[in-house]
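Below: a set of structures, written as structure tokens.
Here chain A shows up in two complexes: once beside chain B, once beside chain C.
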Partner chain A sequence: MLKSKTRETIVSYFFLAPFLAIFASFLLYPIFYSFYLSFRTVSPTTDMFSVFTDMKFVGFSNYLRLLKDFDFWWSLVSTGYYAVLYIPLSIAASLMLAILLNNQLKGHSLFRSAYFLPNVLDMFVVGIIWLFIYAPHYGILDRILTQLGITYFAEKGVLANGKTAMLGVVAALVLKNAGFGMILFLSAIQNISVSIYEAADIDGANEWQKFKSITLPLVVPIILFLIITGTIGALNAFAEIYAMTGGGPQMVVAGKTVGATNVSGYYLFRQFERMNYGDAAAISYFLLAITLVISYINVKLLHRK
Partner chain B sequence: MSQVQGQKTVVFVKSLILYLFMSVGAVFVLFPFFWMIFVAVKPEGQAFSLTVSFAKPLWKNFISIWCDPSYPFWRFFINSVIVATSGGILTTLFCAMGGYVFAKKDFYGKNILFWFLLSTMMIPGMMFLVPQFAIITKLDWINTYRGMVLPHVASVFGIFLMRQYIETVPTSLIESAKIDGASELQIFGKIIIPLSSAVMTTLFLLTFLFHWSNFLWHLVVNTPDSSKLTIPVGLALFRGQYQMDWEKMMAASCFAIIPIVIIFLIAQKFFIEGLTTGAVKE
Partner chain C sequence: MKNFFYLSLFTIHYSLFTVFFGCGKIQKQKYEGKKVITLWETYSNEEHQVFLDIVSDFEKLNTEIKVNVQRVPFSGMRMKLMTSMITHTAPDIARVDVADPPRLVISKSIIDITPFGAIELARNLVSAAVNSNIFEEKFFIPGSTSSQKHIFGIPDQTTGVALFYNREMFRRAGIKNPPENWDQFVVIAKKLTVDTNGDGKIDQFGFAMDNSLWWSFPFYNTFGVKFLSDDGKNCLLNSDEAKKCLQFQVDLYHKYKVEAGAWQAGSVSCDQGFINKKYAMIFSGPWNVKKFKDSGIDFGIALIPKGKAGTSTNVGGTDMVVLREAKHPKECYEFLEYLVSVDAQKKWCNLLGQIPVNLKAYSYIDTSKNPEIKVFMEQMKTAIARPPVIDYDQLEYVMNQEIYTARTREKTVEKALEDAVKRINEEILNY
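And now, the complex of A and B:
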């Protein structure tokens, strides 16, 4: 008879085997494999039928080239811009919806479903619909605004204008994802005891004071969670860009032509598409480094409390 | 008396205002969805017209999307269903097995392994694009279902969700089954699975959805002439062809979106519970 913990260990790893096999081959191994590829490049002599086994070793030159590449730096800037627009807007929208829904009116659960629904839809397809809504001249948004006397979008629409393209993408995303944050906020708000609010009422607090002193402090963990997921979302942004702007429109920044919505995820994909696998792998290591720094900051913030 | 009435009026006006705001919110959030349907039922070439006119019969665009020989839409649809269903089933099964031992067993390396798995959740998915593609190429899994599904069935979120839930299953049930001579597989199959069927449904739905919308990966693993294209990738590759036919494009979009809406409306309790468990109860 085996020792009981040894036996449990054998049984446990038997149950874990399918998961761990997939995890190891398609998630763990790729992290190292990507590192290996980031020091190699597809050269003219590379055999196109076994590209990945026949890439040439080039040392750090992929990393060094990226550091000198204006497009790469721009992709980080535009990812930051994406995050800076998306995170506060989506948190504000989610919180607003949650506060609106925090009542016992008839049909409130129907509204809850309505707000949450877009969250489960396919990002690429939703992006295509927005492309149609945002179109210049014929698109519904421009038509409504023209009726109201705003002709700003008449020529280029929302997405072909470097000034508004990112905002257009982010607005579509906020409306799609607000329901997710709303559900989280709602469950936190409903956990707050009614008696706390009643006590505040007796003390003569107004709605804003109650929100600021009672509700807000209790939803801080959720705000932090949404900041983390929003940051990862910005680093992963792809389908929405691919559907709506293709990284464009072109605009001039510091004398260089760049794509207004060329975020790092899309930039990585473009390198991949051009078979610059080594560069793409090096970009993913830069992104990983950025993620680690951001998570470190977040953990510090969480533990300060 | 009049004071009571006054209070009633205040409450009535208050809820009226709330309803107004809630409706405005719903209009904003659901607008793309309604606009898609509105355009999908328009007559040919009138996608941009704002007059309320409908195709005859109403479902004309849907039929023509479905029957167009140069655009095998039924194929995309079947592929999407196969990929999402198999992805959902495999993820749910593997995560249930893993979540069970993390919840109920004491084994060497348990804590460090669990901590390690959770820490990988922070890695941006974009990071895996190149190496996963390289692996799939080497395995010669381009244009296959297994290439589209298998790399994405190891869900750490799923392990976490299952563990959270299975921890609430009474250990005494497992102990008494053991005394009755049940094998490990019997315990898992006859006690754990039936008792956690609710959370397994949740996980299945969430991962079904993930695989249904796993756009970038499906785009990368398939060549444009693949017979395994899913709906969104099909839409993307054939975008050029239908660029002028927005009403057809929107009809095709309906096929990607409406099945998910139906599933959501039937099973929204599972979606919402799963997401709140995963995010908040840490």
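And now, the complex of A and C:
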């Protein structure tokens, strides 16, 4: 007879087996296979029916080519710019919404649901809506601003201008995703003991002082969590760029033509789309290395806290 | 009791798992005794219905063959096809973009249908369409110098753009006829670019153009621009004709101020602006005729205005190719032969208002029902196929980037074209 603990372990593995099989097939295997691909190259003559045997081993040349590729470095710069805009703005918007909705006013549940709703919408749907808002000549934003005497967006709108395109994408994304951060902040704020605020009231603290000295320090774990997920999100950013700008508009930087919103996730997609699987795999491992470094720094910061 | 509970849970768990992965075999049993051809197509809803009719006609004539039609979204076809080849789940026949055959041929992914008599069949087809499927031996056999031609696919649909114009706007501006050349085009477009409500802002534009290379071909072709050297190794876009042509596109927006800026990211698209009566003239193709008619606008279609090289247009469309692992290649070819037969083309073009790919079907097209086909058929006579490069997508990508910087004046026309030539030579032609 098997011991009851051993039997439980075996039963547990039986239950886990379907998931583990799917995990191994669709996640674990592709991760290792991507690494293998990153040292190989698909040429136009590669036999697509026998990719495994027909791809040429090229050592580190995919990685070395990346280091010399201006477009790749530009995509990293764009990604950094995207992250610098997106992370603080999304945290600020989420926190602001959470504070505004942390009350028992009539209809507060409706507002919470309403602000969370865009988060469940598909990014492509949101992207198309914003395309109409940002469009030059006929877009709602341009119409309103023109009435106010601001004609800066009349000719190019928001997304055709290299200076404002990334900001436009980020603004749309912040408003879409703020609901998620709002829920996290709300739950954190509601867990703060009322007695702390009462003590602050007795000490004569005003609302700003209470926010700065009580609320903000106690929601720092949420802020750090949003920084980590925001950073990973920035390195994986794709759908919003694909839906709204296609990596454009084109602009000239250091004499080279580059896409103003050509972030690394979109750049990777372009390589994959061109069937440059080796290059795409090398980019993904490069991005993985960056993600690990940033996550490590963040974890250290969290640990110190 | 506890064991029974575990056993029940385990059974349910694995039954679901087995059902999830095991339902693929049911389909195969349905067509036993027949030669089944799996075909992936990317037609629109309307086209799909007519295509199924044609398939049904073919199956009635060939009772031993079953064509299993599967729809795939047009934009996802290339990726899905590549994945299916890697996983050995490719269909027997696939409908691919005209830009795809070079790579499929050189990677030996599709079969040479010359032995089935395809060259003979191709003689009856529109040359601009069928040429995207014809390759010389030296292209796909390493080390060969032979110019012997082989055919690897059959065009199932051919398209090209013409000039669509809003008749109502023309009447209001007192213009009787659409422009015949680019000089007339500018004059007419100026008359059609107006501030209709007097608020000081232009709200109706004479013309709207797309940014991409494919949509710009009518300009390049009418200006007589040659893209590649005869050996296909050098890009020739730094020619005087190319500079004049791109300068003209830039001028339409900046100098003549008749173009709406529809080529810019995030702008109102040409189709949408035409439907909304914001753009008086656009380039468009047969696939939009029904949509525009349904939207209720009064529009006409004319030939692309003449340039130094006369009128001309681009060539779009799709080809049907037989994949290398097709189980019944001969039967696949028989279906393709039927698809471009006069009977099938007659049905296809009269019901959908499209251009026939079979020249013999031209006389059977009822132009009284679809008068616009006449213009497209005329336009296609001078159409020029796109440059035959393996990585056409990258060519399009590079050109789109450089055209954009010229149109925004971030680069001069000369610099944009020089950079385009350099990049095309390095990244595409000699990669």
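Keep in mind that, in the parts below, the second predicted complex is superposed on the first by the 297 of 305 C-alpha atoms of A that agree within 3 Å, B and C clash if a C-alpha of one lies under 4 Å from a C-alpha of the other, contacts with A are read in each partner's own complex, and residues count from 1 in each chain.
Here is the rule we go by: contacts are C-beta pairs under 8 Å (C-beta built on N, C-alpha and C of every residue); 3 or more make two chains touch, one makes a residue touch a chain.
Here the structure is a predicted model, which means the values were calculated and not measured.
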*Putting chain B and chain C onto chain A via the overlay, clash or fit?*
clash
_Dominant toucher of chain A (residue count), chain B or chain C_ = B
_Under the stated touch criterion, which partner chain does A:111 make contact with: chain B (first), chain C (second), both, or neither?_
first
_Per the contact definition in the header, classify A:230: touching chain B only (first), chain C only (second), both, or neither._
neither
*Should A:51 be classified as contacting the first partner (chain B), the second (chain C), both, or neither?*
both
*Of the listed stretches 23-31, 41-49 or 419-427, mark the one in chain C with C-alpha atoms clashing against chain B.*
41-49
*Starting from the residues of chain A touching chain B, keep only those that also touch chain C in the other complex, and list them.*
11, 14-15, 18, 51, 138
*In the complex with chain B, residue positions of chain A that touch it*: 5-6, 8-9, 11-16, 18-20, 22-23, 25-31, 33-34, 37, 50-53, 96-97, 100-101, 103, 105, 108, 111, 113-118, 120-126, 128-130, 132-133, 138-140, 143, 172, 175, 178-180, 183-184, 187-188, 221-222, 225, 232, 235-236, 238-239, 242-243, 264-265, 268-269, 272, 277, 280-281, 284, 287-288, 291-292, 295
*Quick one: which bits of chain A touch chain C in the complex? Just the residue numbers, please.*
11, 14-15, 18, 44-49, 51, 131, 134-138, 146, 154-160, 165, 168, 244-246, 248-252, 257, 259, 270, 273-275
*asked:* If we count contacts the way the header does, which residues on chain C are in touch with chain A in the complex?
replied: 6, 9-10, 13-14, 17, 78-79, 82, 85-86, 88, 90, 103, 106-109, 142, 201-203, 260-261, 264-268, 278, 324-325, 390-391, 393-394, 397, 400-402, 404-405, 408, 410-411, 416, 419
*Can you name the residues of chain B that touch chain A in the complex?*
15, 18-19, 21-22, 25-26, 28-33, 35-36, 39, 47-48, 50, 93-95, 97-98, 100-101, 105-110, 117, 120, 122-135, 137-138, 150-154, 156, 159, 184, 188, 209, 212-213, 215-216, 220, 231-232, 235-236, 239, 246, 249-250, 253, 256-257, 260-261, 264-265, 268, 271-272, 275-276, 279-280
